[in-house]
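Okay, so chain A shows up in both of these, paired with chain B first and chain C after.
== the complex of A and B ==
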């Protein structure tokens, strides 16, 4: 210690300067370590391509039977589910479970169509089949009242309501910033898109390509500002193993959630295919809309995502 | 631990677990018909207050009479064996405050200001008679349910934020933590339900009796006395929680919980000063009109005071709502929030629907199903939606803000509101028109219009409107079914 004010001995000078240097060094090291440490943007997951290799683009329609029988016949005509789902794969079946409506109201995919797909996937050796969708209404009510939760679970699927989904940033370059995607879908080996055919005021029809809205999180409502481009972009981003268009019942008006049974027409048909654009073109016809009347189909065809000539659909007719 | 204590702890743990489990099932949306509001149905404080304010005893609240009968037979067993908030305080007191014997004796001594709860009760009941139910502010069951619904569930993983909930959570926390300094001080000094039960406990058939000749005045009985009811002195049945700690700790066996013991020489009177009692009752009476004057929607409808579907007209609603937050906990979309300012001081913590937080699910009737007092009437889905052929139950009307709406203000397609609209046919319809654009071209636009006769005010349009913070379509209370004068248009006939 110094004996009087103003006079420090060497030992104290060294100690003080040393500790000051240590403190300054620690601060500098901290600054150097933390400065702009998290400059990187969060990693965006790439959306995988779920298509089966070596399968030509085809669409097969079956009508007349029970919904499950239609699905079975159409899938068999495409070569059976084994052609698309391999042993041990994890499959996501993505129906439209958007609304708190009963199956008769045709706002959601028919539960029997979903259940039959689950059974076919499991029979083909799938390790796990997840049925999920990000609903617009309260997901608990949507999954319960649509009949999909019960039917899919009975068929052996894992039913995940949107409240239990984890959303992650994904590479949606052509869409909008900040929209996240359900991780369970991105993590799947195979994805089967199962839309229902419905009227929609803005896009005129909501079919398979629009059904991808249901894997997107908050912010998807901004995509309506350019709906046809957004739908084509979704088709370019999400490439399903199969598209199964459910026209068991179609909703002709007050879509996409309907309500009145007077707006529902029983068509009793299902189309299964590997050409998502052609699938939607077929779906539009079930609503009485020619492909030329649906701009998103034209846009998708121009981008080379598929074809719109509905004469290419192989109709198996009634059973 | 004696066997009576063990049994009591089992009871307390069971009822606390049951209370929390019922809240958890509500939040999880359990579709089964569970007795979610059973605790509140047996709450005689709610029953008395609602009877005083609305001159009717709604349905299941008659179970409050069962609790009063139980109290007349056994004393305040509800407080010591059932009340989940009492259990939490007792647990906090045990956990947070290891007291020495001397400190415990001091902490469990009776204090004259423990009579405050009776003054609080008098003020609350007189206010109820004057038309404003405020018992929920301090009702122990409401305090606990509200504090958990607003403070605990929102911070659990996956919980929905309740911006106004911190105040309710803070009250609950304060009640529980205060036991660190004085065990069960809320029960002893503030709880209006305890005070009400205490009035009946004075006449209880079973009570603690002391055999004076056996007592060595060792004071061990006071050591763990929950109610601070002086088992050693002139025992006060109106304060006693019947925890039975005194009977089991007495080394001489001088204290017993017995049927109709011989009365003491001078029965303990409640420690009430008549002028305070009259004063607090008058305070309640005077506070009532002042509180009613603050009511946001009482005389003049408030534009953003959206009440749950089936809610009664504002004065009737406020005459029944006990601020228990069960509706908020049951709401599947998180739309119901505890009011902080929207309903005036009087309506603090009453449920208000905030569309930016959630929407009223079209066919959902859960809030009315769990409301213990019928402030929100029980609806069926066909009745609420109008599918039974009647008028649907409306909570307001949506208005398009043409200055913010994309097709109206920015010539940009959108109509998400129309897509979401749940009515059949949709209350939101669109007009299609071809509009010139800035660069000389044209664009097809669909502009949304609201048909007020169809709109039920569910608010899903406002919730899902893509225009950032403040939506371009907003719901206001005008058109709500519960107020026939808060209207815009004549109904279609």
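== the complex of A and C ==
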């Protein structure tokens, strides 16, 4: 063998090495070309904890004024937005923009509540405020009809409809495992959850903890099979900087989509807090439901995610 | 080569063919259906239908969207379970725009849901009936509160929701009448 190699001249060596390199290259190119990328499992992103450090759990409610004034009063009572949003941070405001409905139909968060939060965040020094949600109906129509696209943009926010959101695998446990999450939300430094108070035919009420459905991608419908457990699990995963419960108008029946103005009651109140469970308990009361009537509240309290005693809510009274 | 002239035998060979043609023409005439009936039957088999914009006085209609049991949640996630539990089969949805020179355009989203049994449609009709809704005049049936219209025909539930600010009672009444006229009993 070594004798044979010893007889090769330089030209033959170069030719043989070149052929070998060519063959290896062809094999590698084939592997790269035919490799099934769908079987690659990208890393699951961790869901950040967006809560402000050192802030105790509190909920403050304001009523009687315009929606924006109620937001301002409640946030001020909690120490101002500067306590929650720092200069240069990127904030996501997550309202409920699920339905192709007018503000008067109370299926979506009031646009003035959203706009005021955007203004407060920017005034506190936020580098960018993104307003987004994954709608149920056509997202373009939902954002336009709800008035949220126009109000939030006018207030200085970047409005991102669900059609423009990128979904990524996230570290979700329980029933939501495997469902993708909006990357814009996961990338935020702070997240403010802004649900509207309304009836829901499965969970009886859709409030802040249920509002996390709106950051989930396809497959979220399966969570409806065990809705109370799913809501509590989402609350254990997504820990917002603030929850702002909009009860400017309350949809009392035929939720979540609503439509009839006869199902809407003007309450004119907003609650802002750092205890998401207590915020939802307060929202349930605006619908005429005691916390004990909402199983997801009980489950969330048992998991240690917050309290359900609505006597703990600090009511600022009427403006 | 000598060309043979047609003989009586050749003509007789054509007789069976002429008979078959005559038979087909006769049978086609005897089983011919009313085209309107055929169209109605085809539509009923295919699924629920929306009224044509012209029949309800609408200026335009968006491209209809269709959903079935697998995809309903992409349209009404959160509300879909109530429909599925009642035997929902499929639905069709479109947005109608009514232009009136006296005011701004009125827009209504019209949804027609088909269920396996009429009980599914009537059950949802009762559940979603708006407070203060009054019966619609005329043969169309249904109820409206000026914002939401609900009507039932057989296994189909019509739901129309006004999503622009104007009072929509007149437009909703026209939608109900046009839909009822086009529905197969």
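Note that the second predicted complex is superposed on the first by the 276 of 319 C-alpha atoms of A that agree within 3 Å, B and C clash if a C-alpha of one lies under 4 Å from a C-alpha of the other, contacts with A are read in each partner's own complex, and residues count from 1 in each chain.
FYI, contacts are C-beta pairs under 8 Å (C-beta built on N, C-alpha and C of every residue); 3 or more make two chains touch, one makes a residue touch a chain.
Since the model is a prediction, treat every value here as computed from it, not as a measurement.
Aligning the shared chain A places chain B and chain C in steric conflict. Residue contacts after overlaying the shared chain place A:302 against neither chain B nor chain C. Legend: residue contacts after superposition of the two complexes on their common chain; A:137 is shown touching both chain B and chain C. Legend: residue contacts after superposition of the two complexes on their common chain; A:163 is shown touching chain B, with no touch to chain C.
Once chain A of one complex is fitted onto chain A of the other, the partner contacts of A:15 are absent, as it touches neither chain B nor chain C.
Legend: residue contacts after superposition of the two complexes on their common chain; A:318 is shown touching neither chain B nor chain C. Residue contacts after overlaying the shared chain place A:259 against chain B and chain C alike. After overlaying the two complexes on the shared chain, residue contacts for A:224 are found with chain B and with chain C alike. Contacts of A:213 after superposition: chain C is touched, whereas chain B is not reached. Of 225-233, 261-269 or 387-395, the segment of chain B whose C-alpha atoms clash with chain C in the superposed model is 387-395.
In the superposition on chain A, chain A positions 100, 136-137, 141, 200-202, 221, 224, 254, 256-257, 259-260 are in contact with chain B in one complex as well as with chain C in the other. Against chain B, the residues of chain A that register as touching in their complex are 100, 136-138, 140-141, 144, 163, 200-202, 219, 221-222, 224-227, 254, 256-260. Residues of chain A that touch chain C in their complex: 98, 100-102, 104-105, 136-137, 141, 145, 200-202, 206, 213, 220-221, 224, 253-257, 259-263. Across the interface of their complex, chain A is touched by residues 73-82, 95, 109, 127-128, 130-133, 145-148, 161, 163-165 of chain C.
Of all residues in chain B, those touching chain A in their complex are 29, 31, 158, 332-333, 361-364, 406, 412-416, 418-420, 422-426, 430, 446, 460, 464-466.
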